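Note that chain A is present in both complexes that follow, paired respectively with chain B and with chain C.
Our next item is the complex of A and B:
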């Protein structure tokens, strides 16, 4: 592709228009986030005077962030989000690995039956009402487990990991089993050390899921002190205020709203470069093709 | 890989390979937690979906509640909300597919033509970011930017000499906004999938096209697009199978009473009637209807694609 040196005139015009469009795509993609940051560091007086259009904050102030982190409700929500992300991802990875490994072994009795049953869950589900009734029945409402157990394994990621394991050389298993290793020992001492890239990738995807999830928390968590950040953020954006633990209402100005949005988004942007490293490998395509 | 690292796993009890039965037992044991998960949290709700055919009450439970046959389905199909709901769901999905699907392919084609690694990387990075950001966050940004009083978009509208528009409260604008924001959020990510497919195209094909004097445009039409045909087919099947999933989180975070008549979709209706108004059986029936239609669509579009000579998803 790099040797396209002899360009016709029409090819050059073609290239230029592509560049123009792509630069516009980048600007349109980036500006909303920039807008959030700019408004969040602008003093409220400036916002009132000039509106929140194309804003340039003259003098920057971190006042909005101080107020956001000063709110007990937001600090709790942040902790809840961190907790569900850390514990949730750990559960996801453990169960996905433990299930993917036997499914990757042809020796597993009933392997095709298990695989078919798992793939079927990708095509059909009972829906949210029966899931809600089940979670309520298991007495998980208002616990962190309501946010973790119902999505403990993603069948898509499970298949990706199974395929990855299948791609490892068969001799590894043979060598280890000749030495009398049990299947669990083979997994933990031979396979897992070779699976860091896939564990990292799927771990990041699971973590992003947990950080972003809000609907499950909205239906499974009634206790306001256990809201994760996304649920609280929605309340702030929709209502413009939030009830603090003491029952006082804290009014959120535009700069504070944008500060909460920034706080909710920044962790994603921080781990994004790590995720991106695995993009080009077509990992998602593998998922889709199952 | 793994060049000769010594594996010493001697257990004191036995040397040499474990017997096959023990090995199988080991594998099955490992599978137990996963099987419990799928039985409880995937097949459990499928069993629970039986309440679509019953008059469910919390007191009598799933099994104990009296059978109601297809009553809830009949009620839903004959209710005045059925057609508007189906229309909203289908139209929102259809517009997203009709506009969003080509945009993602076009973006990938353009990125593929860029020779500057730097520009390609920057655009790819920026355009894929929104995929990883939640709808709650994006709805927050949209609410701010589309606000009729202080939003950025309306400043542009006003500076063009027009009156500000309450976009999110407008029946005319609500669906276009759903479509555009979906495209903004997902195109960059979908493009990456196509780009991965494009990187697998044999460079010799481009070489041959150039020798024949094909312009870049002709190369796209004659080499790149045919090269990603099977990827397009797979993604298209999945989109069609998902046509009744109009985007719950997006609609849910943006919908408001003013646009209910154009924005209410099956999923938001199921949520409201099931979990807010506690009509468990009715909501489950509607959801079941949606799941079954989705499954029929995915099987039939896969069949059609395979008949046309592509590989399909299975």
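Our next item is the complex of A and C:
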């Protein structure tokens, strides 16, 4: 009994220390976001008077956000980013599923050939100029498809999904085909409903990729009205750090920069809690129980 | 439940696809049947609205459809290189002067312009010296964009000078006194020793952030590339980064560093940090871009933070030998090239010729008369609409310094630029824009070494007495002599050196 109490106490001490450490880690992780938010609502004068470091806005102002949302370019870029992320992720998931499913079936003739070809692209790619040539010849430059089709399937995620499908019990397939289901019906009626964790996980990965990508947009998009948010964000935040001796660039205040960062970060952050449930399951894949 | 969620997802996805296919994300059809001119250049201060009246006016004047591509400045060169390599080029594109635009000629990506230039009177009025600079292998390969001699100024806090009872410094000795007083005599009156006399930003400066110090010692410095001067005494072409006079200038700076007058962060300052330090009143003097007071007032609310604060531009102080120079004279700003995929190079040049002429210049710089600007008693006055920054979006070719434009548009700030561009002593790089094989091969390493050593001389890590060793190492191990000899050869070919 007495040993148990002592153990219990040290256990509790251990638990407490775990919480303390984790809270500290969380604070370290959250502080940058908090800083971005606080600076974005601080009046520039206050920012200058107080200097950098921890800032508690004495006088709160939404001036920076008004400027951000008042800019037609940023509003348009936000829509473009959303369109790209939604359509892109839908295309990604559809094509990845449709490719992973047959590859997960042992009955597929030449399965290893296909897999080898796909894995090959993980290691070697044509490089940016051939990719540009291809996209340009397909007349995709300046369209949303230039941002979606070249990365429609990530081989890495494809393999994860294939492995997931392979991990599903063979009996399910047998039972379904006994019932007379076609392969497509097996996929849509049996496999996909069981694959929500992996769909959510890969969907999140793809969505985050699309949301954060800027380089392809810079290369493939010429019309500024079709730029996604990240390109403008980079212009506003990074470009201010390139001194231009002609003084021909607009210099943005710190609060404005932080407001743009907040506007760019928050939408994708909001998605995490929504699919976290599936996410935790999906990421520990292979842990499926028969 | 599952089924509904899946179907809903699928419906949303399909709808979005359908919508985005339907909405105008596809290729734009060229309006009308006329010729199209595609231009690519980094975005200027601001972008025009959708129904841009100036574009419409330009198009109707020239009978072309204009298509402008403004990729972000960051990544602009990357974008050009990819498009050139893929031969999917705009008709006209610009390249910053200091970048190696000649490679595009070597690659056959741009066309020689000689045969298309005849009869274009406005372009022919550009300075002959500028045309010489864009002549490569005997042919004109680009249209030179000049127009400014100088964009930078030496700024001091006038209110601090007044408070401490000091005059505007005219000599290097007076400058030293002022900077020392800015550091030690508590110019902001807060009772704390929290100010520096001088700060600087080294990155992104074409030339040197301390050029005025080197200039006062009759010399030059560039932290970007080797620069040269033709010695008057017939000693030939001198590599100014290795000029012994620079040792004296470094000694002067070293003294500021040792006495704590120079902001110790001068090597690593970013523009953001500079603006913050100046807006917070931590520093009293800096050499910086002309629009410093404008940015401080508009973006950093300096007038609200400290109503007393007043930044003024001053003439560079005179050194012991009577020399003074504010900075390196700007050669060209950029070049405009016509790509080999341009169907009608003559049309492209006619566009440039138009905006180089009086009527076109007004249209692309000032906007539309009566709507964006008026002449009142012969004086240029912008309307409120005309004061917007995007108006000069198409002014890719600037001819000369246009005082009217700057002072009418930016008021007192424009006056600062006018003063800096027209009234300051500057030094020219005798080999501006000269690119040689040796320079391409060795200059980056040489400059990295020079920059490191200059920094060590200023901070005192390396005593100034080691200057001869430094110069020797630069000449021999870092091929400074070889680069200089190749530059001399190039200058002889163009007749700058006999």
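The criterion applied here is as follows: the second predicted complex is superposed on the first by the 220 of 290 C-alpha atoms of A that agree within 3 Å, B and C clash if a C-alpha of one lies under 4 Å from a C-alpha of the other, contacts with A are read in each partner's own complex, and residues count from 1 in each chain.
Operating definition for what follows: contacts are C-beta pairs under 8 Å (C-beta built on N, C-alpha and C of every residue); 3 or more make two chains touch, one makes a residue touch a chain.
The model shown is predicted, which means the values in this text are computed figures rather than measured ones.
Contact with neither chain B nor chain C is seen for A:160 once the two complexes are overlaid on the shared chain. Touched residues of chain A were counted for both chain B and chain C, and B has more of them. When the two complexes are overlaid on their common chain A, residue A:254 makes contact with chain B and with chain C alike.
By the document's definition of touching, of the two partners only chain C reaches A:86; chain B does not.
By the touch criterion defined above, A:101 lies against chain B but remains apart from chain C after alignment on the C-alpha atoms of chain A.
Of the two partner chains placed by the overlay, neither chain B nor chain C lies in contact with A:198. In the superposition on chain A, A:38 makes contact with neither chain B nor chain C. By the touch criterion defined above, A:268 reaches chain B but does not reach chain C. In the superposed model, A:128 makes contact with both chain B and chain C.
In the superposition on chain A, A:219 makes contact with both chain B and chain C.
Taken together, the two complexes place residues 51-52, 128-129, 132-133, 215, 219, 234, 254 of chain A in contact with chain B and also with chain C. Partner chain B is touched in their complex by these residues of chain A: 1-2, 4, 8, 10-11, 14-15, 18-19, 21-23, 25-26, 28-30, 32-33, 35-36, 39, 47, 51-54, 95, 98-99, 101-103, 105, 107-109, 114, 117-118, 121, 123-134, 149-153, 158, 169, 172, 175-187, 189-190, 194, 208, 211-215, 219, 230, 233-234, 236-237, 254, 257-258, 260-261, 264-265, 268-269, 272, 275-276, 279-282, 284-285, 288-290. Those residues of chain B whose C-beta lies close enough to touch chain A in the complex are 1-2, 7-11, 14-18, 20, 22-24, 26-28, 30-31, 33-35, 37-38, 40-49, 51, 62, 107, 110-111, 113-115, 119, 122-130, 132-134, 136-137, 139-141, 143-145, 147, 150-152, 155, 184, 188, 192-193, 195-197, 199, 203, 206, 210, 215-217, 231, 234-235, 238, 248-249, 252-253, 270-271, 274-275, 280, 283-284, 287-288, 290-291, 295, 298, 313-314. The touching residues of chain C, counted against chain A in their complex, run 2-3, 6, 12-14, 16-17, 20, 25-28, 40, 43-47, 49-50, 69-75, 78-79, 82-83, 85-86, 88, 148, 151-152, 201, 203-206, 270-272, 275-276, 279-280, 289-291, 294-295, 299-301, 304-305, 330, 333, 389, 417. Chain A contributes residues 44-45, 48-49, 51-52, 72-73, 83, 86-87, 90-91, 94, 128-129, 132-133, 136, 139, 141-144, 192-193, 196, 215, 218-219, 222-226, 231, 234-235, 238-254 to its touches with chain C in the complex.
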